[in-house]
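For reference, the structures are reproduced in the following blocks.
Both complexes below contain chain A, partnered by chain B and then by chain C.
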Partner chain A sequence: MERFKLNRRDFLKATAVAGTIVSVSSLTGTTLVPKAEAATQPGTKIVRTQCRNCTADCGVLAHVKDGRVIKIEGDPTFRRSEGALCPKGLSGVQALYHPNRNKYPMKRVGQRGENKWKRISWEQAIDEIAHKLMEIRAKYGAEAVMGSTGGGGNPNFYTVCRFMNSFDSPNWFEPGAAQCYMPRTLMYAHTYGLYGTLQGQNTSLGDSNGVEGYFYNDLTMKSMILWATAPSYSGPSQAGRMLAEIRARGVKTVVIDPRFTPDAAKADLWLPIRPGTDVALGLAWIRYILEHKLYDKDFVMKWTNMPYLVNTKTKYFLRESDIKKGGDSNTYVVWDTKTKSAKAMPFPYDEQLSPALEGSYKVNGVVCKPSFQLLKDRVEPWTLKKAGETCWLDPKKIEEAILIFAKNATPSNVCLGVATDQNPNSTQAAHMSAILNILVGSVEKPGAVLQRYDDKGVGGRMRSSKLRHLLSEKQLNKRLGLKEHKGMLQWWIAQPNAILDAMTYGKPYKIKAWLERSGNKLGTAANSAAWVEGMKNLELIVHFFMYPTSFTAYADYVLPAVEWLETDFPTADFNAATARVAVTHTYETVNEYWFFAQLAKRCAELGHENCKRAWDPKACAPEPPYFDTMEKTLDNWVSMLDGMTWKEYKEKAPFEYVPMKEFRRFYVYKETDPKTGKPKGFSTPSKKCEVYLESMIELGRTGKPYSPWDLPPVDVDYDALPYYLEPDESPNKAIGKKFPLVMSNGRLPYWHHTTLRNIPYLREIKPYAEIWINPVDAKKYGISQGDWVVVESARGKTHAKALVTEGEAIGCVYMERFWNPEALNTSTHGWKEMNVNVLSKNTAPFNDVVGTYTLRGYQVKVSKAPSAPKNIWTKPEQFEPWMPQETDQTKIVEL
Partner chain B sequence: MKKTAIIVDLDRCIGCYSCEVACKNENHIDLGVQYNKVFTIGPTGKFPDLEMYYMPAMCQSCENPPCVSVCPTGASYIDKDGVILIDSKKCIACMSCISACPYGARKYNSKREYVEKCTMCSHLLNAGDKPACVKACCSKARIIGDVNDPNSEVSKKIAKAGKAAHSLPDEGNKPATRYILHDKTAKWQEKKSWTFFDNK
Partner chain C sequence: MEQANVTDIPEAQVGMLLAKIAAEPDSRDILYKTLVYCQEKRTTSDIETQIRSWTVNRSILHTPQSLMTILTEGGGLQPVESDEGQTILHTTSVGNAVVITACPSNRLEALFDSEPEYVQIYLRILQECVTPHTLSEMEDIMEGNETMKKENILVSYFISELEEAGGIEWDIKWKTTQTGIDTLNMLKPLRS
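The block that comes next holds the complex of A and B.
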């Protein structure tokens, strides 16, 4: 890099290139037309890699000249994105060469919040942090050290978890998890099953699912219900793109969202639901489908647990061993209508039996019901009328939507997005959506979203493993929030608010250190101000990220992370193995995995026995131990593919690892299991799709199947069926008088979580946070188009700019997450100006199973602000200081 | 004569702004200047019965471009593909073209002191490639080609769309760009005058 010493104008000239490798005719005379030259110049190459500005991994062609990335564009050969690249991906070069990158390890020299730093070496940083961690562990216990991850294009989700297990601390969290995706991964694992693929496991379009839609030239799908999801905004170059293709081919869509998004505008029907009430609507859908017999009777009878009898006293299913001496304890029982008696139903199905789906029967003196009947009982109050009243919807429109989904529409899919993960109805919503898909039999048939794609692990297995067996039973039992919220065991994670309480009040014990790897926790966690308060009690705060954020201002050490263009990582494109490859490297930035490995190593040297074990292959087996270098780590990850090395892998990628016809098989549950000679069924306790979840009761009582040890039971059993909880803050309660509007959030196509607010070309599009408000409400509260608005909740207040639009449900407002990097060096550190999570609700009630708090569906009020917040940039030219800069001369860091 | 134009399928366009950012990246456009901008049209109607679409706006590739005819120095010209370009060396920033363009598709760059506009990435067209906005488009809504060649992809697309192929108001300048929008997505909103980029 030392040959460059350019100012910005020179840099622009040097980077003015075109993107083809074909020969180029020069264009004379027109100076505004950049010359198409670089790709034909010596020293210029085009590298195939992948974006990581969100979780989608779109294919990218990076043009690199003399080690500098001069241009990126979509890779047309990458099938998930077909050459498309969204604004987030397109900002890769501005992010990589941002003048405010974290460049070297830095140590605080002033007071916290003064933002005074000195550069130190990696050796010094790791040594000092390790010493401090060991000191805190000796004084307060390992559990006083807490870690976190999340916040934007998380390149390697379990890195922090792995370190915490090595350190024998049970406490790590991310602002997502119970608030993003975990409710769905958990409930689909319990209803549909858990398989070796991450590409069909559930219906989250933002998480590499919905693969059938990508085969749009071979389409059997009839309808798709976009429930609480806006793919055109959250993932335009993959799921948003796929939807454009399937809509063009006649697939009907329904959008359930309080906001009139691009997908809502293009849908056959839009249901602008009151935020937080989705489960009420879902229960009404189920009721209607049962009442009008719109379910797939054959599938329900033969491939779900709905005919099985439940003992209404124990809430557990009857087993053959309950009705017959010496009977099998794994065989379930039905009520046979022919013989009018309880009969064991051998797997997969006995055609001689005629099981009842409805009714109540006495077996051995106990009232038993088929779980179908229990579901029917549960949804009974939820008429269309009641759902309409609860959800602020027209019952006729609800019915129309149900018919699009369920009448002569198979295969049809309910694709559930993140919105329902963000309030205490989270797991119930996921459960409800799974039931809808199961009822209509949209499981593993062509066109169904739920599929058992056989990718042999290329999709999501080649990455950090948790090393969860390194955490001791004693320490696991100290995990904050675990006793109540055992569903968190699936991700082996702690509850954010329980951590915040421990930080703030020292109960049940003190937290003293925070190792944070992500963007801006003060923009993503509920009730930002409470976190800043809690952080005052910490003795050590480490921030590892690509650039400083509001969080950095409160840290003691800042460590520089690689951008995605500097990152190697194995990825997947359906059945193909693909690669993100580092195309350059700047400053002393490192991969998070390397940093945490080195930290574990230094702790081991300082006498931490468990950290020593994390480097011992035998102690870690069957998972890999830590390795000294990224190269060895990558070698280990890809070695599952016929013993390949990373070098071999990245040179060969992309390559089909599994033939397509083997990858994309349908009806896997009907295939014969060679071990039993019977159909494979599903990977649930009953080997059927499970609607009634005995496994939830078991989870609450014991921690099974996730904990290796029996854990103390929850005070109240988890529910085996979904139920609706009216939001704690609701317009129907007293608080609605003071705070009359329901707040929701959502995505925009140019942001991912709280990242990218420092990208000039993106801030130029939208320099501030908007609040969407219906004209009816705007008039009521004296707000005009474009006004600055004060938005206030019971937690605090912040600002946003009004977008007065019919495209927001009456009585509801929407505001996108935001923070202001330009205000980092002011007293606000950029998190107070227009940050919706200053308002959100971190307190109980939580979702019982996974501990979700309330990021959407709480109450606010709005008023016209006297002026814009101070120190913010809203004009394009103001972002000039953030335009790409030349990297200064730096030594190559050997890692 | 060849007339290269961009056709946008608004039934497909999902308003993701990729075209805006790809354009700025490719052409290294200064902050405050744009060649291409996505307008949100609507929502129209009354909640909850609404329609909305997105309209990416850029040079409309006129057959009779007034911006070229009014240019006193010959800085504005039409190239061999029918692309309207500006030779910035010849531009004296007299602003005549800005007044002449019926759509306000040109922008004065006060830092560089000349007028800029969409070039259709002619440097890429000349290299046998496509414009950055077309390549990055997430919903494959943008296609480029010669509207005067009846066998081109754009001509076929326009012909197939029939009445669903809309153009912005024509004052004799004959815009070649077409926006394809069927009533099923949303009704086309006629707007008498457009200013894509503000030059105040």
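The block that comes next holds the complex of A and C.
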């Protein structure tokens, strides 16, 4: 049979253009990318769908002939990407027809690691797995069953959580969560509020935020601070492209990143910060802004909780009921400078009062301070000089950046990315960035990134819901890591290292089964070797994914997942409802929702009462129960839009679910609430933007507002203000002598997390992991350009190829995650050769609120390697065995 | 039945077989019992029947044939002769060494030595499970235990440790094995 062949030159050309778009601006508003003039073969159908190789969901036109996808290009009508498509999206055909795809359910024969499998039916797979889970539950408790997923490429994120709640197990995790996005979703929910929207909820450009930037012909913002984010790499078709457009229109940018990314190359200022020290820098920014009064005084006074008095003994805000008998417990108190007394401040504001922002006052014998003063006290030590020393930056450049943000190029926004989520200062960094945006009043006004667009949650609600109320109180209290890290309750998730400890040491109880639905946990979780040790104790490991990875080598069952070209899913594009539409189906691959639904069903048949409830509409209400088929599930999800069916939805998509002028609304907080006659304010306890977070103290003590029950308190209260922790592994500590370089990671445009290392063209472009090292350090350690390097930490060692560049800060190195699918059948299973997470740190200290460990900002050393690692592929022709193998379309599997 | 002199067997071979058994967490006890069972020569169909009787209320990954293969490849069983077309397997000297080294009484002793602070908990569970109990029943029985509360360790941890040591086994409920009962009787003076 003739091998299916893509035109390599067209692919590479498209890639080069996609890479170029982020560094060349367009002045006319038309897209820079010339339209692809691909020949359309006769008999080809063009299907509008969407990629899902990362969180961006770019619009795609898939060319389908005889049931086979023969070409992919960007969809120019999809507004977020305007026809751009990055290498990840373009690799869809090679992913779909990869010869090594998981095709059928398989069961291990032989020992773990021998890679010997037997094909079985879905019925047998589900039955055997369900029986084993039920046995484990009976013997050791439901909590001994653990699930995991991966973010980013998985749009239906809560599928595993839903199953675990149905099974009454509190334990599921993903390597992201506390290490990716959850610190920001949590802290922005507490500072700005939570609105059930998906776009504008926080400032993560990679997660559907930054919408104002996409209206680049109607720009209000004058600058943007790209803090710990590299959209030109992580989202070249959307946020990266958007940045090119706004820069071309005069928007200044500041990039804070140890790595000289394309965004840094085009920025007005690059601050090459020492990894792990972002909070120190942020506190200095806050200090400068307060000292020089660059904050929006009107907004701070009237729309934040900064004038409210805090009882410095209890750490709680004063209420009217504290100063007046019969006073309201929901009304806060200020120090009125006119009457020199504590006065209740009714919502939203009493113009008769003149609240103090600074000072210390005695109220009923107790020292109280406005929370503005407490913030000022907290940041007082953080001068520009101190920040410069800590962060390895020039204080003058720090000042220049602050002035761009707060004075010279306003309105502005701090857009915080994932890098700061990946070390124990995670929630403090998110808190600090929220404070900066609030201080300058960059909230819900034109040009602000924080917005309450009327997106009705369309992008976020039409997918698996958690069914969290099915998890019992008794079981929630067993969630690993929960007592210490209550911020995890927002995502209803457990802490990875607590799970690892339970797997390895058995306490407080043993984990016996792992249901894993994502790519390569050994490439994403910190300290890969520790996970391999822990897995040896598990009686059941199930891996559900599109293709085998290192993790598969340790599994007992391998189950085949659909690729994005085989998936139906509702999505959003600003105010339009859009659709990912399955264009074909291959082998016996299934949607994860269907698999977990069937697993819950089988467990219900075997007597699991909770799993039975998961199929009962009354028991699940107001959330939907499980459905037997994807069609029914999709019908249910889209029914929130006027009772549509999925068939109707996808035929109509894209369509506006709300007019743009209603979607893109501003100053919602000032709108009148018809119930109260007062302004709506914000969805926070004070209805103001909250800088001092009493809610964090409450969270630590009780688990509220996320837990329906009171939980045992943490040993030490969470801090209501951000604070800086010097990294546990730091160049300033003893370990810095043996391991002198600070390691960080960051995205590349060819992959998302550990995906796509098996795509031949992408591997041809980037066949190995690189380590970026400054020429000063390279010379010091005897490393030359292109050398193979041994990189070592206190956890282990791995390899990378040196890229000697001034684009990496002195004293720091950068390496992105990698693994080698070509080595799957060797003793390493592909996770040891060039895997930065062999080096990363999974141990305490953790972030107190959400339990973040250390993926970025730990110490390593480098030395020249005698040779390349064994068994790896680096030459283009070596990837030939992975070239697409055409296959016939098959029916969708449903029992 | 031949009695192996454990010290005559190369440690590496014993270690390798133990590692192969340890690498199958859901079948370790079955693999061990099979070595014991095959200390008498057995046909493969007899072994299969015996394994199935042990696992009638269990879910394990491997078929009886796979388990025999694991032990054979690990050097614990060897085919000795055919009997009317049936293969006969017999525990090797390495297998016998593992039977002795890893016998439940040794494992229980090692468990108690490694966790002396929990011996009373283990003895209590062994005692209670002489009458079979479910996990939930054991949770209720042990609820007031001060050590478990203080250290926040659930009863399932101790149950799992005793299971791996061969002191209790699962047969719809948790039940103390004969070795567990013998241990109880031997340690009667120590029980509080």
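Criterion: the second predicted complex is superposed on the first by the 842 of 895 C-alpha atoms of A that agree within 3 Å, B and C clash if a C-alpha of one lies under 4 Å from a C-alpha of the other, contacts with A are read in each partner's own complex, and residues count from 1 in each chain.
Convention: a contact is a pair of C-beta atoms (placed from the backbone, for glycine too) under 8 Å apart; a residue touches a chain by one contact, two chains touch by 3 or more.
No experiment lies behind these values; they were computed from the predicted model shown.
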item	value
Most chain A residues touched (candidates chain B, chain C)	B
Contacts of A:A265 with chain B and chain C, given as first, second, both or neither	first
Which of chain B and chain C A:T805 touches, first, second, both or neither	first
Contacts of A:K478 with chain B and chain C, given as first, second, both or neither	second
Chain B versus chain C as contact partner of A:V367, first or second or both or neither	neither
First, second, both or neither for A:A844, with chain B first and chain C second	neither
A:V109 touches, of chain B and chain C: first, second, both or neither?	second
Interface residues of chain A shared between complexes with chain B and chain C	none
Residue ranges of chain B touching chain A (in the complex, touch as defined)	11-12, 14-18, 20-22, 24-28, 31-32, 42-43, 45-48, 50-54, 85-89, 114, 116, 119, 121-124, 126-129, 132, 135-141, 185-186
Chain B-touching residues of chain A, taken from the complex the two chains share	12, 15-16, 18-20, 22, 24-25, 27, 29-36, 71-74, 82-87, 90-91, 93, 232-233, 236-237, 240-241, 243-244, 248, 260, 262-263, 265-266, 270, 272, 394, 397, 749-750, 760-762, 764-765, 774, 776, 805-810, 875-877, 879-880, 883
Chain A-facing residues of chain C, complex	20, 22-26, 58-59, 61-62, 66, 70, 134-135, 151-154, 156-157, 159-161, 163, 170, 174
Residue ranges of chain A in contact with chain C within the complex	107-112, 128, 131-132, 135, 138-141, 144, 478, 506-510, 512, 536-540, 556
